[in-house]
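Structure first, commentary second.
Letters A, B, C, D and E mark the chains as written, and numbering starts fresh at 1 in each.
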């Protein structure tokens, strides 16, 4: 469009620059702070120029908060959540979309409702369930047969406990459902005409076709898994299973008084890095995934 | 190659009825076209033959065997979908060969047959491409190849040409026809394009609102539409139709200030009846002013190869095709003769055709068949 | 009302050139149709006139004023978009009146003009509806009203009918024409539908691949296509074209086992030249076997109102329109006469028309104008 | 194969390291058991995690519960009483050897110890002697009147923060009430029944808070919290503030953290003039043995508890932390050894002095209230409102009492039918 | 919502859905049942026999002024958080949608904060907006106590909202940008021909066309603000609900009440009220707002 709008253009750049300052500025402050010495980081006014102490601060943070184990655990947790969610969601969405069973709508709503109630709201009893996974079954069996079974399975302080309750929500299922709904009916019909059964269709058609969605969901779930805070906080008492979010506390300037924010910020930079990298790298799919979940 | 019998077939989606008792039978090797406006149930019928849709009531038999409960793959039908439904993540070869792969045909044999089939549809050079990298016509061909490779007894086409541009459509039409001749499978072709229907069909089925309106050869249907619906649906520009009443005295109707005679054997019986009279724009003849029905010209469309006069008679729009040599301008008054032999008469209540003389056929005398006239 | 001058206009998107020097000039009040295949640059040209697209090189003047750098709103053009681009969140009245609102026209005055305009396009009863609650034709009318209310000097239409069904298209075509007559603004109408182009245009511009192929009156273009491209693009079924060489002896070409004479004033100069000869299917005449060009019938398309014989001559496809009374079947051999006056000759290298006699016009004698012949 | 068992504790930072040392020592001392010690980073989280783990049947064999959680544990039925454990496992402990002031806090009405006093402390008053000298203060701050005077002088001498304080109710409410013989709740601070009600909104505590408020308004007393960037302890060790009241447990840390050569001292908490000082409350935590563990673990737990109660370990523990020895013999041994005369440890004996200042009364025996964590939170919230948002002292304290009573009533109802023993 | 093309097997869908359904039953519905049970009993902290108390827990909750305080805080948090994320996202989306040179880079950058966990962002902002260092120190030096989230509840609330908005603005930005880009270009062109300049077009055409997206974001962000993982993480890590309950959002209060206050029953009652609130909100939003936003 022919537009002679120097004012509007300038204004647009000003807005975008302002957005940059607001949204990316904090990263710069963190980076600057994380690369300064104790004196520099505490000087008023703050100097936004990064210095060259990043590595030593990072090393200090790494050992103070034992970030080695924490990063590993977070990585395992985020990966498990991602893989579990991606796999289960695809299966469930397939069942919901491509079959006409009497229970379909029931399942659909059952899954849908979970969208509205995140873990935070039902964290207390979820904890109890994680502590004694088979309790419902025991109660069920006892109620049905009167027999007291004594099998127990405890998920506290385990990767299963960290991840399973997080996998048990519907976000991914919905992403897949939306995608499956956009596939033309004829695709399944053509496959049927070609003699393919449902399972074959799932593996031959749906999975390869949903690659983009998988990447999107991977990004979303990795960020989600990595950033979990409350659940590990409650769930993990064994330091061997501590996640990065839990080590944040250890990173805060210690109470002995040294306000070594440079170390704190360096540590937080380390903790932020993996999801940041994932989002930056998979951004294209991630955005597509985000937007696809909308409709 | 198989014959298909459709007996009293009904279809309902929940409470909405889509097909209300369809009876049809297609002979082996026939090219059947099902024509009808959008939403009339064409696709539904086709999909029921394919086994993609449950049959609510009635039965469908292929080669004498009732297939109501058979899975699609057990029916020996192949289908070409409107949007082709190619598998976007597979190559052309993968698309064509998928049915064989599912059937467990060994790779070598499969590759051989894929190549063979690709040759038939002229895709040999494209086997390793993805559908996204193909043009519309090529995609269409892949869809056909995918059907052909299965050597089906029945070919089903659901508006396979409607996504192509006008030129390609003509070409592909010819190709489908040729293919049919070559493979000699029974073909059922669904469309809402009357030109497609007329040019392709051995047998034409006209549907409307879940009913079959008329079955027959295309030209028969063009010349003797069985109902007002068929009359207005087939032919372009559409047949002129006007509601009127046959005079009680002579068997004529008043129209555009003139008495138009309804002649023929049964004409007398029509006296005093409410009817709808139709005439195709091509059959109207411009005569000296005062001699026929008087029409006021609204505008004229030049088609190069002819012109269509859009006029008004008794306040109703009326179209007539006239030769190029006549100078007609908006606002002019012209006189039209409506040859009685070319009139179609329909019952006003039922909309069904009233057969009042043998068959109103194409003009038979030399004067009306000008091109040949020169030659003779 | 304004005239438009387009001078040596080029358009590039990055490195791809879309328009390569277009020179056109439209007179005030003219109805210009730009016709061309998809992707030829029609919309680009239109949008450059509108100010929606930058002009890479050359200039466009409206009423003598060069508008290259003017914003759309400063050019006094109104545009009807292909999919209407109605504001879905505004009522019909809101849509129609938006331009006035932006211009700060007081509410009372605005309402008056909205009503006036709505009346013109027959939308008075729909003013409070949202576009979503309108039919295709009504939406089209809103789009028109939105353009009309601004009393533009220039009306631009970008395929405004292509989203309508066949029937509505015919109606709206007529309405646009009427409106143009009434408003007497200069109109530029883009389409790829040749029927639309033929029926609407005062002046027809045929474009191809970013070039203007021909400019002229529709019938002129139909009868004297300036290039092979125009010849094949206009007319349906398309003109038969075959490459050949004029005999060095007589001014004839060999075709289908016969000598077809190329007569006319300049014919002698063509001897020994490589040319392309074209003839419209409607102009071929079936003659007694042995008398003309021999053709093998491939298949016949029944259109009801006529039939198209698809045949083969010298291995090339060839179409001819014949009357209904002739029985022709696939495989038959027929003889065709190609009247020399109806032949179009093109240079084989440049594809441009070679004018070898005055004007090959529509048949002038009564025998060739059969319908009227009866009357006279 | 060693029998492994878990020990959760709430100490963090430096003190956490010392616990780990103790665990290591124990593991090295014998071949049958292995204790796995895990810090839960705070007393309240330890209680919280212990409960969660108990509900999940994943409780540790031993857990460290602070004073405030005592009643919560006592009524839980989720523990093995200390005396029973030791008896069952064949250890003989001289239960009377514990300081009565300490034992009383954790013992039943019959004097039976349910848990093992481990890290006991009391609140003390720390001041920077160098600053006092520079400001020309020549007295020790024994009374709050003197504290005020010192504060004024310090201020006059240019010290920005004469006294730093936070909203921790332990020194401010609990210890203050004890040494001034004020009740916190009826029924002997809850020892005599679950139907106790909070009353601290009607005691001298109210005036005390008002005094603090006045001082704060005059910028003589300054709020120092983590949220504001620096808690009281660093404010003292960084010499920002010259006086603080905090646990004797911090004595070690302060000594280590203050720059070499800075003179500082520790005193008993000040009292108001003309008040008869009472003994202060024992703070810190005790070790509980949780029920529901395999028998073998109890053997190990008993061995561990026995191990840390040995005089050598008790002395080591008191040396490396600021905690006071919990047994009389331990204390005597250390005193005899001249421990309290040596430089870094000098002054710690005042904690015991404070604890043993008078025989315990109804108001100084301890606090036996359910959900006391929550009550503390209500109090500190009120204090925060008073000092940060200028809320009315009486109204805020009334509210804290009212809300605290709600907690008590819910607790009473939850354990309806249970008797305090 | 039904697909026409479906397979007929009845056991296969069950097999496919089973893993997730099982997880949902176990970790969602079963806990939900427990919440219900606890809400009507007095659950002892260490477990054991719990007494049925009817609505008493709810009465306690409703009688508690701090509960209502947390409702208010949550409302402010969710509303302001939602409003600021949407406004910032919208402004940036409108700017980037103009597709001036370089805007692609900005688009790439704006989404990055979304990757950051609430607590981590909280920690960073504690430094960045700390009253004694960082940016605000200079301001505070001139106007003492101009900014002191440790002291003033309102400042603290602003702080957590800023963190929330920072993290989520990129998210709304992406949706709004996608929404803008799906507005047919012809519409803005039509408006341009009708004489509207860029700002007028934004206000008259683009923003109204975004209504469905805005509505969607409204629902999502309100839910996120009320019960989102980040809401808890931010509050817990940045202010711990203080000062003086100033930032005590409902989720925080629930967790705090349950795990710190050992009052599982009261917490469960609050959970149920919260769930009810979310449902009411969602309902209101769908019932009254959605009606106005769909054109097609």
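Before moving on, here are some points about what is shown:
We adopt the following convention: contacts are C-beta pairs under 8 Å (C-beta built on N, C-alpha and C of every residue); 3 or more make two chains touch, one makes a residue touch a chain.
Please read these numbers as outputs of a predicted model, since none were measured by experiment.
The minimum number of touch steps linking chain A to chain D comes to 1.
Contact with chain C and chain D alike is made by A, E.
Interface comparison, D-E versus A-B: the higher count of C-beta contacts falls to D-E.
Fitting chain B to chain C on CA positions gives a rotation angle of 175°, reported to the nearest 5.
For this pair, chain B with chain D, the centres built from the Cα atoms lie 94 Å apart.
Centre to centre, using the average C-alpha position, chain A and chain C are separated by 57 Å. The residues of chain C that reach two or more other chains are 51-52, 71-72, listed in rising order.
Residues of chain D in contact with at least two other chains: 52, 55, 229. Annotation for chain E: residues 5, 132, 189, 192, 259 touch two or more other chains.
Across the complex, chain E meets chain D through its residues 42-48, 51, 53, 60, 64, 66, 130-132, 149-153, 239-240, 242-245, 259-263, 266.
Contact residues of chain E toward chain A in the complex are 1-10, 12-14, 16-17, 19-21, 23-35, 38, 88, 91-92, 94-96, 98, 100, 102-103, 106, 108-121, 123-125, 127-128, 132-135, 137-138, 141, 166, 169-171, 174-175, 178, 188-189, 192, 197-199, 213, 216, 223, 227-233, 236-237, 251, 254-255, 258-259, 264, 267-268, 271, 274-275, 278-279, 282. Partner chain A is touched in their complex by these residues of chain C: 51-54, 69-72.
Chain contact summary for the complex, chain A toward chain E: residues 1, 3, 5, 8-9, 12-13, 15-16, 19-20, 22-24, 26-27, 29-30, 33, 41-42, 44-46, 88-89, 91-92, 94-101, 103-104, 107-108, 110-111, 114, 116-126, 128-130, 133, 136, 164-165, 167-170, 173, 180-181, 185-189, 192, 197-199, 201-202, 223-224, 226-230, 234, 245, 248-249, 251-252, 259, 261, 264-265, 268, 271-272, 275-276, 278-280, 283, 286-287, 290-291, 294.
For chain A in complex with chain D, the touching residues are 127-128, 130-132, 152, 154, 156-157, 234, 237-239, 249, 254-257, 259.
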